[in-house]
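Data first, discussion second: the structure below is written as C-alpha cells.
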Amino acid sequence: MLDLPTANNQLRTTQLVQVRTESPTVKTFMFTDRLCSKAKPGQFLMLWIPGIDEIPLSIMDTSNGVISVTVKAVGDATRHLHNLAPGATVGVRGPFGNSFTESRGRVLLVGGGTGTAPLLFLAKQLASKTDRLSFVEGAKTASELLFVKEVGGICQEKNIITTTEDGTAGLQCLVTQPLASLLDKEKFDMIYVCGPEIMVKRIFELTEARKLPIEASLERLMRCGIGLCGSCVIGKYRVCRDGPVFNAAQLREMKDELGISKIGFDGSRIPF
Amino acid sequence: MLDLPTANNQLRTTQLVQVRTESPTVKTFMFTDRLCSKAKPGQFLMLWIPGIDEIPLSIMDTSNGVISVTVKAVGDATRHLHNLAPGATVGVRGPFGNSFTESRGRVLLVGGGTGTAPLLFLAKQLASKTDRLSFVEGAKTASELLFVKEVGGICQEKNIITTTEDGTAGLQCLVTQPLASLLDKEKFDMIYVCGPEIMVKRIFELTEARKLPIEASLERLMRCGIGLCGSCVIGKYRVCRDGPVFNAAQLREMKDELGISKIGFDGSRIPF
Amino acid sequence: MESNALSIDFAGLNLPNPTMLASGIMGYSAESFHRIAKSGAGAVVTKSVGSQPRTGYANPTVVQAESGIINAMGLPNPGIDVFTEEIKFSKTILRVPIIVSVFGYSAEDYAAVAKKAADAGADAVELNVSCPHVKQTGAEIGQSPKLLAEIVQQVKAAINKPLIVKLSPNVTDITVLAQAAVEAGADALTAVNTLRAIAIDAETQMPILANKKGGLSGACMKPVALRCVYDIADQYEVPIIGCGGVSNWRDAVEFLLAGASAVQIGTAVADDIEVFQSITKGVENYLRKKNARSVKDIVGLAHRK
Amino acid sequence: MESNALSIDFAGLNLPNPTMLASGIMGYSAESFHRIAKSGAGAVVTKSVGSQPRTGYANPTVVQAESGIINAMGLPNPGIDVFTEEIKFSKTILRVPIIVSVFGYSAEDYAAVAKKAADAGADAVELNVSCPHVKQTGAEIGQSPKLLAEIVQQVKAAINKPLIVKLSPNVTDITVLAQAAVEAGADALTAVNTLRAIAIDAETQMPILANKKGGLSGACMKPVALRCVYDIADQYEVPIIGCGGVSNWRDAVEFLLAGASAVQIGTAVADDIEVFQSITKGVENYLRKKNARSVKDIVGLAHRK
C-alpha cells in the first residue's frame, strides 16, 4: 500500500547538492530528501522554487538517497530553476501518485522529451528482472536526446531506437513512427510510455489496435498534488492521486479527453 | 519509555462489564479498554461519569484485557459511580503517570483503604520475581479490609499483617503501628506504600529513620491528568505526570507539603 | 445504501444520505461529481463559481499543517457561463442533488451568477461569502451582517431554488451572521468555511503560500467547526450543514448531535475518496445501535439539558 | 544558555531567551515556576488571577482533540490576596521575570488586581481578556475594542510595570483589538489565547466538558495563531509574544519571523517539560546557521517584500 498523500505532504526545504546539464534546455537537479528516497518509478514530487512557483516533477533517480529530477526550461518556474546553483534552497512535497507496475518478460519503454526521465528510473529497476528491455526515444534534435548513454548502459544496442525530427540522430521521424512496425514485429508483455500527451495518445491507438498492455504517465495542471483541488482531473480520474500512471482500461475511459482537451488554470476545458 | 501523555489522552467510552462489591463502601468496576490494558502497577486513569464528573482512579487489574478500578464512595462522583450497573457507559482517559519500579529480593507492601488496590496489582506482578512478599494492610473495621483473600493467595500467611481501628480483625491499631517493629526485625529491599497521605507521611518517617528505600503513591486534586493545569502539584512535582509514585529522594524534597498541605480547587494551599 | 434511516429531506432536497462533497474539492467536472456520487456522497457541491473566469493564485496554493491543510487557491473557476454546460451535463448523469457554490463582488453579481446556476439546473445554490469584498478589500463579506443580508435578499429574489449560505468561522459571533442570513431568507446554512491561517518557512523565512495567507481545513479545525454548529443550533431552528474536519462516521455523528442535519467533507477526500461510503455505513450502524429510525432523530441531541 | 544572541529586552524585561511559560500551565506555585525556569524558560506567566478565589468548573475540564486539547477550567485561582504571597516568594527564588496574568469583571476590578500583583513584585502584568464579561455574559472582553481600551487605560494608570495584553483569536479582525490595546497604553501584546471549540461524545450524545464549550490549544491552532501575529505585525510596531501551538524550535522561529519577539508555550509542556530548553537550543543553532547575531535580527523577516 502506498502512503496516504497527506503523510508525505509536509513541505521540506533542502539544498541542491548538484546540477547537471543534460541538453541545451534540460538540467538535472539533485538534492537529498528522506521521504522521496523511497519513491517508486512513476511517482512525482512538488518542487517549490521559493518566491516563484511550485511545480510537479517526475522523480528520475533516488540512488544513494539523492533525489534527481530532470527539468526542461519551458516557462517562468523552470527557467528560474535552471538559474539555481548547488546550495540553493528548494522545497519538496511528496512523493505523490502511483507508480508503474513491475512487469517481467519483454518490456518496451517509449519516452519523449523529459518523459524519458521516469522511464530511465523504471528501466534501472526492471533491468535485472525482465527478459528483454527495449527503449524507444524521440526528441526534436540530437542535442535534446536525453540519457542516451544511461539507456545504452541498460539496454542492448539492438533494442534501442532513437528518433529526431531534424534527423540529426537516429531515424528522422516522430517517435511514434518506428513503433507500429516494432509492435507488429516483436511481442511485448508491457509497453510503458511517458511524453507529450499527443504522443501518448498515438501510441495508445497503436497498442489498442493490437490489444497490447500499456501503462502511460500523464501530465496535467497540478496545484494540491493530493487529490483535492481538481486541477488535474481527466475524466473521472485525478492524475495526481489516481495516476499519473494509467493502464489501458483507464486510458480507454478517458479517450474523450486524452490528447484532446485539459482543464486550464481557470477550471475550464481547453483544447490541446 | 512511557507513552507521551497526550497519546493516551483521547477519551474513549466503554461499558461496565461487571461491578463487584468489595465492602460496604467499596466497589470494583470492570470494563475493557485497549490502552489501559497495557498499564503498569501504579498508573492511574481518568474515569468520566457522564454528566457528573471525571475522577482519577488507580488501576487495580488488567488481566484478560479487562480493566478494574476499586472505588470508595466518598462524595458525589463516587456515589454516582456506585449506582451504575453493568452496561452503563463511562469514559476513560489514560493510563497516566509513572509506575512502581520492579524490585527483587524482600519486598514489603503497605496499603491503607483503597490504596490497597494498586498494591494488589503490583503484588501480582512481583509474586514470581521476589524472594519474599510481605503485605501490611489497615482499615477502620473488618468489613473494610480489602482484598484479604487475594492478598492471601499471593503472600504467605506469616508475611501478612492486618490492622483495624476497631479491632474487628487483625491488630487493633493504625497500620503504621506494627510497621516500626517489623522494619526493625526484618530486612526489606523495597517498601511500597499507598494510602491516606498522613499514613504515607508516617511511614516515610519510619523508613527515613532507618534509611530504607521506599516508593509511595500520592493523591492530589486532578483535572487535566497530563501535567498542564497544575492542580496536582506538590513541591516542584506534578503528581499526575512526575508521579503518582515517588521515591525517597523525591519525598524528601516535598516534606514541607507531604501530609501538611495541598492545593485546593481554587489553587490555594489548604492544610490537611 | 438508499436506506430510509439515512435519507434526509434537507431544505427541500432529497438526499440518500447526509454526506456531501464540500465546495472546492474536485469541483469542476460532471465526471468528478459522478465519481464522488458513486463513492457514496448524498449530494455534491461545486467549486465556487463567479461571473467571470479566474485563474486563481500561483502555486504554492496548498500547504500541509498539523492534522490539516492550508489552501489559498484564489477561486480559480471558469465563470458561470462556461460552467452552465457542466451543470447541465451533470444533471443528466447525477442521481443526487448538485448544489452550485457561487461567489460575487456585489449583491447583484451574486444574484446574477446564482440565477444562471439555478436556470442551468442546480438543485440548490450555496453562497460562498468568505471571499474578500471589493469595496472593503481584505474583509470577507461573510464578516458583515449587513452586507450578507443584502446579498442573501437579492439572491433569494432571483432564484426559486433552496438557498444555502456558507458561513465563515472568522467572526466574533457566528450567530449574528447566522441570524442575518436566516432573516434575509436563507433556507439553510453551511457552517463553516476555513479558518484564516498562515504557514511560514523557517529556512527561506517567507510565507509559503503564494497568497501568503490561506484557509485552514481538516481534522485540526473540527472542534471549532463543531462549536460553530452548536452555537447556531442553540439559537436558531434553521437546517444546518456541518463542515470542517469531518473524516469518519464519528465526526459526522458529532456534527449531527451538535445540530447539523447533514455534513460536508472536503480535506478528508485527499486520503480516501470512499470516505462518503464509510461515513454513511458508520452512521447507519450507529443509528441501529442507538435504535434511531432516522438521521433526524439524532439531530441536535447534544443540546438536551 | 544565557548567550547574548538569545537574550532579549522585551518591553523593558530582560529575558535570557525568548521562551515563556504560557498562563494557566502549572501556574500556581513558586516551586513550579522555579522548575519551569530551570527547564529553560526565559520568563514565566502565572495562572490568571482575579480579585476573588474561584474553584473553577467541575471535571471534565480537559479533552483531547486532534493535535491539541480543549480546556475549560473556569479560571480556578486563589484570588490575588492569597496569590500575593506566592508572587513574593517566587521573586526570592526566580532569576527570570515573573509575569502575573490577571482577569476581572470590570475595568476597576482589573486595575485593582493588577496593582496588587505589581505591588507584590510582578515584573509585568498580562491581561487575560478572554473571559466573559459580566454585563454582557458570554461575549469576551477581548472581543470589544471599547471595553478593552477602557480596561487597558485603567490598568495602565494603576501600575508602573510593563503591561501586556493577551488577545483573543475569536474575533473578526484581531488588528482592531490590537490597535485598541496599543492606543490605550499596552506596552506589548500576547497573541493569542485559545480558539473557542467544543467536543461532543457520540456515545453519550453530550458535550464532554462540564462547561460544554472550551478553548482549543496546541499544534492544531498554530497556523491560526501565527496568522494573528503576522496580521498584527503587518500593521503595528508593538512588541508581540507569539502563543499558540509552539512545540519545537521551528515553531518558535516561525513566530519570530511572523513578527513576535518572544513565544509562550502551553500545551507542549504536557509531553515535555524540557521543551523550553530544546526550543532555546534549536533557536540558537538556527541563528548561528543564519548568521544572525541576535533573536531580534530575525523578528518579522517574513514581512519582507
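Each chain gets a letter, A, B, C and D, in the order it is written, and its residues are counted from 1.
FYI, a contact is a pair of C-beta atoms (placed from the backbone, for glycine too) under 8 Å apart; a residue touches a chain by one contact, two chains touch by 3 or more.
These figures come from a predicted structure and were not determined experimentally.
Without subunit D, the contact network of the other chains breaks into the groups A, C | B. Note: the chain lying farthest from subunit C is B, by mean C-alpha position.
Centre-to-centre separation between subunit A and subunit D, using Cα means, comes to 50 Å. The distance from the centre of subunit C to the centre of subunit D, each centre being the mean of the chain's C-alpha atoms, comes to 34 Å. Per-chain CA centroids place subunit A at a distance of 36 Å from subunit C.
Residues of subunit A in contact with at least two other chains: none.
Subunit D has residues 199, 206 in contact with two or more other chains. Taken together, the touching pairs link the chains end to end in a line with two free ends.
Pairs of chains in mutual contact: A-C, B-D, C-D.
Within the complex formed with subunit A, the residues of subunit C that make contact are 24-29, 31-32, 34-35, 47, 53-56, 58-64, 69, 71, 73, 76-79, 82-83, 199, 201, 203-204, 206, 208, 210, 266-267, 269-273. Those residues of subunit C lying in contact with subunit D across their complex are 65-68, 70, 139, 143, 170-173, 195-200, 202, 205-207, 212-213, 216, 219-224, 226-227, 230, 245, 250, 253-254, 257-258, 286, 298, 301-302, 304.
Contact residues of subunit A toward subunit C in the complex are 4-6, 9-11, 13, 46, 48, 50-51, 53-55, 89, 91, 93, 223-231, 233, 235-236, 238, 241, 263-268.
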